[in-house]
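Got a structure for you, written out below as structure tokens; questions coming shortly.
Chain nomenclature is as follows: A, B, C and D, assigned in order of appearance, with residue numbering initiated at 1 for each chain independently.
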Amino acid sequence: GHYRLRLIGSKDLNAISTVKTAHTLFDSVCRSMASKTPVGFVGLGNMGNPMAKNLLKHGYPVVAYDVFPEACKEIQDSGAQITDSPADVAEKADRIITMLPSSANALEVYTGSNGILKKVKKGSLLIDSSTIDPAVSKEVAKAVEKQGAMFMDAPVSGGVGAARSGNLTFMVGGVEQEFNAAKELLTCMGANVVYCGEVGTGQAAKICNNMLLAIGMIGTAETMNLGIRLGLDPKLLAKILNMSSGRCWSSDTYNPVPGVMEGVPSANNYQGGFGTTLMAKDLGLAQDSATNTKTPTPLGSLSHQIYRVMCAKGYAQKDFSSVFQFLREDENL
Amino acid sequence: GHYRLRLIGSKDLNAISTVKTAHTLFDSVCRSMASKTPVGFVGLGNMGNPMAKNLLKHGYPVVAYDVFPEACKEIQDSGAQITDSPADVAEKADRIITMLPSSANALEVYTGSNGILKKVKKGSLLIDSSTIDPAVSKEVAKAVEKQGAMFMDAPVSGGVGAARSGNLTFMVGGVEQEFNAAKELLTCMGANVVYCGEVGTGQAAKICNNMLLAIGMIGTAETMNLGIRLGLDPKLLAKILNMSSGRCWSSDTYNPVPGVMEGVPSANNYQGGFGTTLMAKDLGLAQDSATNTKTPTPLGSLSHQIYRVMCAKGYAQKDFSSVFQFLREDENL
Amino acid sequence: GHYRLRLIGSKDLNAISTVKTAHTLFDSVCRSMASKTPVGFVGLGNMGNPMAKNLLKHGYPVVAYDVFPEACKEIQDSGAQITDSPADVAEKADRIITMLPSSANALEVYTGSNGILKKVKKGSLLIDSSTIDPAVSKEVAKAVEKQGAMFMDAPVSGGVGAARSGNLTFMVGGVEQEFNAAKELLTCMGANVVYCGEVGTGQAAKICNNMLLAIGMIGTAETMNLGIRLGLDPKLLAKILNMSSGRCWSSDTYNPVPGVMEGVPSANNYQGGFGTTLMAKDLGLAQDSATNTKTPTPLGSLSHQIYRVMCAKGYAQKDFSSVFQFLREDENL
Amino acid sequence: GHYRLRLIGSKDLNAISTVKTAHTLFDSVCRSMASKTPVGFVGLGNMGNPMAKNLLKHGYPVVAYDVFPEACKEIQDSGAQITDSPADVAEKADRIITMLPSSANALEVYTGSNGILKKVKKGSLLIDSSTIDPAVSKEVAKAVEKQGAMFMDAPVSGGVGAARSGNLTFMVGGVEQEFNAAKELLTCMGANVVYCGEVGTGQAAKICNNMLLAIGMIGTAETMNLGIRLGLDPKLLAKILNMSSGRCWSSDTYNPVPGVMEGVPSANNYQGGFGTTLMAKDLGLAQDSATNTKTPTPLGSLSHQIYRVMCAKGYAQKDFSSVFQFLREDENL
């Protein structure tokens, strides 16, 4: 889809990403000097594939692996070297990026019987761009550190289009001194790279943002629907909200009501954008984190339930702003 | 309190309030010519009192009534004429503003045994600035029209401070041709006057905005709390959200986490601002409207419940952003 | 439908309905003596029609009114006298039963321009079997008392089948001394007549029961669905729950999972029973009452929202236990 | 506390637990013959300690381990043999019962570096009575089977009192042919032993029951509170609900309103019973399971949030029926 969730605006970002790295570690100096040595890449799906290609475009040799041979074939045709396992990737590259669909996959790729940790070299930098449970990121980080290597979580914001055009946003958690080393690679694939804090905070920032996004979107959908039924013109209502304290990204940038804005999924039958299934997955991670930390999240929790129900009602592949359509249906018709 | 909920920004508002009134009715012409004839005012509470004073300041003679003699006394000292009942106000003024605490009070003042409608003159303009159920506004409007007078709902946004400084925002519902006549008076008391549509839409706009505001605020509180427990710095998290799709008024203008922003209630122990009790009241009105129109509002409904519980837990008088504090308390401490 | 919500069991009920009426009022004595004098009936819909017929069967002359001429025609053919308005009914009968679809209809029939109160006789007994907002019942009761007559709310439990077979349950609110007079008539139409307290408590008891019923039903549906997905056999799970602290009427008497029980709507594609629309209406009344009394009802409120959404998704006419089907749909299929 | 959550009634239970074991495996025959050989026990907390003592009372030698030396000391004084690790327990006993506070602890005790699986003998029977995520139970079961041993999950219902008096209920998941072997030991500690299906279904049955229990309890608390505010007498309302479709275990056996029933925690300032913290934990497990299986559980999810908030508001140690008190507080007082 050509719509893109602009998670992070471009302005101001230099300020954030210019992290003061007073004492750069020896390891990262070495890696920096050897800048165009091979970069490993594990997970060549819809997102990983274009990301790896962008590394190739920037002149980095890529050593890649995926469980699906076809995915390997495609990136091989673009010039990457293919290996037999994550362990083999770790043997051939001391900087590795992973992009996997779930916490279980990430655990397997790092700590499994043919996982990266079987052959990882000391001082390696391992960057996981999967969106997974921050608790799993921390667990993997510990295992990585035991081997004398370094782990950072760097989940992305932005869909397949942003992956292709190199416009992803990375939210990075890990040791601050390693941030510049990670940034060198991540800027090949993304327009914005934000340092969030210790390991796990990249994931935390992403799931926090997406939880609030879901709440704002459902809230906007409810509110617009209520206002319309009370006789308000949708465009006027959006205008009033956007000048007022009800304003949010979902009301002023991504309004879910058809006819209010152009160039958003609601103007195109909710095609493209950020799918309901993906939102439900991220909200599931938010709930796991909330349960683990005993944090009450009543609206986040209910939003999760709503997107869960929508997935089973034919909205799974539609943009998540289709919650307006879901709530809109009139029992009187 | 000196905090003010800026419901409507000043920019752009001329565009909205410049309503095309092709055919001004005879009645409103007459009233306009007689511009400095007395204006009636019923309901002289915390809000009504400074509003009536602003009318006096602008040179309008005011004929006032309130059930509480002390409230009458104060405005009388400022130069207003006091009457014995709403009916008597209607006898002496053909433009009346009412500012009452509830739907029941509004019904009584308009249709009660000593109500305005007992003595209202044909062609009078009656403006109700109370925040009440839009269905009640419509009901009153019908009764008013039967008497040959005109009714508009014009609830306000902004608290006591804005009432004093004449910086309220009015959201106005009613016949469009009467809007200019209403605006003449309302601009004495408010900085912004927005036309929303037919009778009841002023109320609708207000309760819609406040419902989305409540959802955004609770969502922001949950999200900030979760992020903090996951190890994120609150200021950094707010910065990330505000550059991202999680952005909303409650995160970027009125952040509920102490230490993130200055000049907001969270920086002052949640003193001042917009009280939890008032938010609970507005959410109750939103739920009534949703039930009447069979509109599903899952998050709005749950937000109502949360503010309802908070009212009973010692948060009634605190600013509504204190929901962060409510959710924040740690069971491990 | 031949399924019946058995709201009140028959055992024990004598104990409850045997109200000590130490001092029977003069009015009720008079009415009792004149036992077979005409009984008025306003509202001849799906429920009112068979109720009125049961009064006729018990030998009471019936004076009836309905806004729909066809409804009048049918009861006229059964021997009732038809009048032109509720007021006319009140002129011809000093005991009147009303059975109306909404609070607004009840207000109109009692206090409207041709309403009962226009011609009600002193000492009349007016019984409203509509399910409406208890606050409206109280309001009507006050107006009735001003005319020197007596009002009781007596909403029913049980559907059209119970109305036909005279097996309804009446939950009665009003002055205790009048209860026996009301019971004389209500036992013609119902198997159980329960005295609940002052005016409005009949409504209160009904909406309280139905709110808890909705919560228990949705809870049972969620739980059964979760258990099935976790690998439990539905019948075994129901058996375990019913022996345990999870037990409720919806799990042990009206289980929503097809195949677990016989003779319930879930065994018949959710035909018959108590429709989702009616449940949504009752939950709306519960929410109105909760808002009015500032009572937090988080689960009741969310249950209302769920049935509201279901009404718009094709479940309006199905039994309310179809919430299992609504939640059951699998996003993976 | 002397209150006990009677999860499973005693009647009927023989029918359920009499599992047809057509072909008893050789391993279980051997164990059965060697009936009074040592039984291992890991986890000697508030529950494990009295459970292990009951095994001793029934004549079983017990080989025990706990991370806390004091816990070991106490059971040693009762006659048990103490070992240095779970692995050592597995070396000395081929039937082991574990009773641990969390999924993480269970994983450690079974698969950790000194875990049971390091030294487990082929054909051993390992029974985990912890309440943990059913997904973890399945994971452990797989690891156990790889070693040629057998695993069953058997979480308990009933508190410390039931553990002492040997009146626990066990809900057992695992291979059916092993059930009798497990039952032989479990009946020493519990009055009821219910076979639920394959591995993980014991946990599933427990968390399903407790989720529905929480929903019913909060629903009952809301409903009773609403009814009381609408003018109903609490005892009468409970009586009406219990004869009606609103009936549930929380309304008829464990009513949360003080004064309605005797011998329940609500009659004793919510002391004893089943603590809010424990309910919050079980609801967290239910949410994890629901998220994993993509099952929508709107009321279960909100109930989790409510108990989560209560834990932080001073209700952590009170019985979970104190939700009535939590919701009851009046904002007008």
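The working rule: contacts are C-beta pairs under 8 Å (C-beta built on N, C-alpha and C of every residue); 3 or more make two chains touch, one makes a residue touch a chain.
Source: prediction; values computed, not measured.
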| item | value |
| --- | --- |
| Where subunit B and subunit C overlap in contact partners, by chain label | A, D |
| Chain whose mean Cα position lies farthest from subunit B | D |
| Contact-richer chain pair [A-C vs A-B] | A-B |
| Distance from the mean Cα position of subunit B to that of subunit A, given in whole angstrom | 41 |
| Distance from the mean Cα position of subunit C to that of subunit A, given in whole angstrom | 52 |
| Shared interface positions of subunit A, touching two or more other chains | 294-298, 302, 308-309, 311-312, 327, 331 |
| Sites on subunit D touched by subunit B in the complex | 277, 302, 308-309, 311-313, 316, 327, 329-331 |
| Residue ranges of subunit B touching subunit A (in the complex, touch as defined) | 5-9, 11-13, 16, 134, 157, 171, 194, 196-198, 200-201, 204-205, 208-213, 215-216, 218-220, 222-227, 229-233, 236-237, 239-241, 243-251, 253-254, 286, 289-290, 293-300, 302-303, 306, 327, 330-332 |
| Subunit B partner contacts - residues on subunit C that touch it in the complex | 280, 284, 287-288, 291, 294-298, 301-302, 304-305, 308-309, 311-312 |
